[in-house]
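There are two complexes below, and they share subunit A, which is joined by subunit B in the first and by subunit C in the second.
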Partner chain A sequence: MRSLARNPSYLQVTPLALVILLFLLFPVITILVVSFWDFNAYQLIPDFIFDNYSFLLTSEVTLKAYLKTFFYAFTTWAITLSLGFTLAYYLAFYIRSPLLQGVLFVLCTVPFLTSNIIRMISWIPLLGRNGMVNSTLLETGLIDAPLEWLLYSDFAVVLAFVHLYALFMVVPIFNSMMRIDRNLIEASIDAGASALQTVFQVVVPLCKSGIAIGSIFVVTLVMGDFITVRLMSGGLSASVGVLIHNEISLLQYPAAAAGAVVLLLTVMLMLSVLFRFINIKKEL
Partner chain B sequence: MSFDEKNDPQTDTETPATSGKSSGGLSRRSLIKAAGALGGAAIGSGAITGFPMIWAQNIKNIKLRQFGTGVSNLNDIAQKAKEDLGITLELTALDSDAVAQRAVTQPRSYDIADIEYWICKKVFPAGVMQPMDTKRLKNFDKISPLFINGKLDEGAEIAQGTAPHTVGFTEGKDSTRFATEPTQWMTLVPTIYNADTLGIRPDLVGRPITHWRDIMDPAFKGKTSILNIPSIGIMDAAMICESMGEIRYGDKGNMTRDELDKTIEILKAAKAQGQFRAFWKSFDESVNLMSSGEVVIQSMWSPAVAAVRAKGIACKYQPLEEGYRAWGGGIGLAKHLSGLELDAAYEYIDWYLSGWVGAYLNRQGYYSAAPSTSKQFLSADEWGYWIEGKPAQGNILSTDGKIMEKAGAVRDGGSYWDRMGAVACWNSVMDENKYMVRKWNEFIAS
Partner chain C sequence: MASSTRKPGFVPLTVLFILFLIFLYGPTLTIGILSFQGPNGGLTFPMNGVSLHWFRRLFETQQVGDFGGSLSRSMLLGLAVMLCTTLFSLLAGLAYRRHFRGSTGLFYLTLVSLILPSILISLGIGIMFDRLSLAPGWYSSAFGAHLTWTLPFGLLIMFAVFNRFNKAYEAAAIDMGASAWQTFRLVVLPLILPSLIGVGLFGFTLSYDEFARTLMTAGTFNTLPLEIYGMTTNVTTPVLYALGTLTTLFSFSLVTLALLGIHLVRRRRRAAALTPESTL
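Entry: the complex of A and B
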């Protein structure tokens, strides 16, 4: 007690520590424990076996699902990054009036007022074989037969991901751009840099933290997703999340838990690589 | 029968009156008032008579939580139950997998489980439910023999898979083991069942469809779908593979590893060639796939066919030579139910069999477990169309009063006996379930 009185900061961190302990560490540890259990069609059997992992790590299905997930994550990341950067750049540097800036920024968030499932599903009638896109293209004579790859394909999945997560890139990048001292841009131009040179040698390095935060959002969201992949690929392709979800829905919790642990480790590994390049704490 | 005495409704009503002296008169008066109101409702609806009034008084304020698949969790049924019995039903609809999951993992979150028989095979041994005493069900003897001994009529053959009667009874009141013979203790009281086949768009397929293998016809490349619920999808796949002549199954409802391997290989090859447009998991998805023209032939459920037709789009529930894949569901009691709530649940289940619900489900294209009682609630024309497979005399209306079929229409597949008599296999859960799911995942991820 005396040490507590001397150092009240322990008391101050207690609420947060408790929340993290209860809602993050405890569930994760439970998942870890369950991942070693055995199971049958309707029961979990407490045990300590490595079957779940040995099957997971040797299965061709896992490898395929991971490759697919990485593909989705990387493509979505690349597209949202270029989109997000461009949008944020326009908002931060081209719009002069702070009021208009605010209005346009809020406009960006309008689609987020509906549920993301609804935003996703609304693509389906648009992209279908007899959907609006195909019928317009057919009528204008640009194509002779409906484009089949518009829906239930990797294209559809990435499209939905970009639509859903672009804003997570825009917001942090816009935020870091607004903190850039405008004198630096001026100095860069005065020193004879072209517009492109200014963007890549001044703005991009100064937005590193925003880009990193946006990337964390997009990559982790895509890596853990199952519903977008299932709906937009028409169930034809499987990401890691889809596999885990399948196992959960069939009561195979230990297998699902093992899948979740491996996914968690993978994502943490990816993030630690990212943090090696960018020190977010320093940049904030 | 101490069980019956303990739960006697009479003793339960007496308890509040004797324990709280001052409130005794008040509660008695309100009970009488309630009885009057209920009596009025019963006369008004003209449906349910003959239930002893003491029950209705007792269970008036009981709330029962029922969960199950969307097919039978219908608000109209809850409303009618409220009118007839006074019970408030709280319904939750989930997909088949989620139902099985919740039944086992959250046994206190429901009072009545509305599950399919193959789910029952998974759930009941977990000890989260209690069997029902058939002696307390007045309509027990009205239940179709299909659910008692597996035979629609004398000499009928028992289909493969988890036939309902094989998991319909337990060895005793506290047993979680399924009995091989009918006993006094029933796991589920059957409510709803049907024979499933492929749905087609007759306007787009361009040729007669007669076999399960037709879904693999290269002419329909990129225009077919099967359902992605592993335990049901694998059965449709087995019907297809057997029809193709590629595999002979010992029991489609309980495949060996070798049979599973071969089946999944065939599916993977078809997927790689782009035979499938999509896989669906929910009822709505199958309706959308069909009505938007994304697919022209796919696994389908009967009300989904009706839903497509209701949009004015031609859709046929095509009977096939190899027969149907059948499924059946029923309602059962959660383990924790006791006392007044248990009485109410018994009353509700008995009411479920008494005809109104059966007729309602018949009008949706399902079959009711007690056909003789539901006949009383159907017009002769409706009975002729839905059950006897006769051409409709007048318009056939859906449960919400819209025209489903015009006069002269005949039900796809014909009569009840034609359809349920041609069941090749029941939905099931296999001994190699774990392996099957792994193989299915392999197929989806391929």
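Entry: the complex of A and C
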């Protein structure tokens, strides 16, 4: 007990702890409690019923939304992983000047600091029915009629996800690659491994924690998203986040809360697999 | 010397990297160009003349809701989040240099805060305020919601900073008779200043651009991202692009300013250092 008064850490960590308590723990507990409540058109009714869950879990809409969301998450994950790994590999092993490396790294990260919504909107003049892609393809005679699936489609949603979240893969993978002892690469090549064998049997295992961290970001961002799906599918697709958002707009908070709890459990289940690969504290 | 020993695959990988940069910046540049459309121009090419028409329209209130108000709210909120993120992360970073009870639990909760879907935080805080009969506001509930997103980043950066921190400098200061405060103020703080600028920049831009966590927590008055989202559904003129161009330029100048600040701090330190190895 003496340490409690003596150790300044307790005082220093108080602001962080308060924010976590008030704006993370309490809200999550609120959601959990409210998900068992009843509601009508005007108000929430404190109760302990499973109706919200039984409705949610037996509805075909939910199943479809989950399948769609898994599809988005998996496609985006596969594309950002292969793209992010290749780009990080290029930055880490092909660019020798630390200055150029720094500049290129900053170039890759700056868009992360600009507005996501604006970055989504900026695809419209490119992909729209009369957009640049369609008019170029029409002019060159490659197509006879404008492609309809470029905008407001699953293609547009995944494209936007890759555009928004690729750097969440590049950064942690680059970070792990920079820590690889360069002698190991030389040893692998001296031992007769081809370049590809070196990549897959030496580099990949050594940056698996970077890959896992990037995957955690991409998977959680896509699983919880609703605005990208709403904007880029033009309201034609419903992901889990869109369903929750719709229930919020209709003020059906208990139903939205139940949806949020199930989403949370799903995401946690997916992450528990990824967290096996990393020791976060060691990564910093 | 380098060019003769280029590794195989250099050319295709360089091409891929350049294509990625075009993919990253191309769309933003496109709307940047289109925002200068003439008064009769539409949402896509061709350009129908060149003008500043849509930028002027942006500042007429009836055109785009409450652009000025939402901008100033987002700025104030961003500044408050920036200050608190920097201060709280620094304090927490210092706290984690010693062992204290509950440290592991709090660390994992902070990670949860980072990976919890934003819509959950938004919904949770929204219902919590509703149940407590508190009116949500951009300066209260949205402020807290933003901190749950920026503080984990800040804490992780501080961890990375203190993991690489050479404790010999502190020991030397104490040996020479500096008090704890003097050691912090004159030795530790200048050494970690570049990273603190980085944390501040992160705090501001993450808050300034945050949409999902603000959705249910902003209350009556919109922040800028909410205003932009509203515009996407009912504005069909290049005024939308003008707004996008302005906010992107604003974010870019902030990043440039922060990078410049970090660079200046580092250069001053290098100039002040007597031996080359005393730089961090």
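Please note the rule applied: the second predicted complex is superposed on the first by the 254 of 284 C-alpha atoms of A that agree within 3 Å, B and C clash if a C-alpha of one lies under 4 Å from a C-alpha of the other, contacts with A are read in each partner's own complex, and residues count from 1 in each chain.
The rule is short, and it goes like this: a contact is a pair of C-beta atoms (placed from the backbone, for glycine too) under 8 Å apart; a residue touches a chain by one contact, two chains touch by 3 or more.
As the structure is a prediction and not an experimental result, all values here were calculated from the model.
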Which partner, subunit B or subunit C, touches more subunit A residues = C
Answer with first, second, both or neither: which of subunit B and subunit C does A:Gln252 touch in the superposed model?
-> first
Once the shared chain is lined up, is A:Pro125 touching subunit B (first), subunit C (second), both, or neither of them?
-> both
State whether A:Ser272 touches subunit B only (first), subunit C only (second), both chains, or neither.
-> neither
Which superposed partner A:Thr140 touches (first subunit B, second subunit C, both, neither) = neither
Partner chain in contact with A:Val34 - subunit B first, subunit C second, else both or neither = second
For A:Thr58, decide between first (touching subunit B), second (touching subunit C), both and neither.
-> neither
Just subunit B (first), just subunit C (second), both, or neither: which does A:Leu151 touch?
-> first
Go through the superposed model and pick first if A:Asn183 touches only subunit B, second if only subunit C, both, or neither.
-> neither
Where on subunit A do the contacts from subunit B and from subunit C line up?
-> 124-125, 128, 130-131, 248
As the complex stands, subunit A meets subunit C at residues 3-4, 7-10, 12-13, 15-17, 19-20, 22-28, 30-31, 34, 83, 86-87, 89-91, 93-94, 96, 104, 106-108, 110-111, 113-119, 121-126, 128, 130-132, 135, 163, 166, 195, 216-217, 220, 223-227, 231, 241, 244-245, 248, 253, 256-257, 260, 263-264, 267, 271, 280-281, 284
Subunit B-touching residues of subunit A, taken from the complex the two chains share | 39-43, 55, 59-61, 64-65, 68, 124-125, 128-131, 148, 151-152, 230, 233-238, 242-243, 246-252
Given the complex, residues on subunit B that touch subunit A span 95, 97-98, 100-101, 104-105, 122-123, 125-126, 222, 225, 228, 230-231, 271, 276-281, 288, 292-294, 429, 433-434, 437-438, 440-442, 444-446
Which residues of subunit C touch subunit A in their complex?
-> 2, 7-10, 13-14, 16-17, 20-21, 23-28, 30-31, 34, 43-45, 84, 87-89, 91-92, 94-101, 103, 106-107, 109-113, 115-121, 123-128, 130-131, 144-145, 147-148, 151, 155-156, 159-160, 163, 201-202, 205, 208-209, 211-212, 215-216, 225, 228-229, 232, 240-241, 243-244, 247-248, 251-252, 254-255, 259
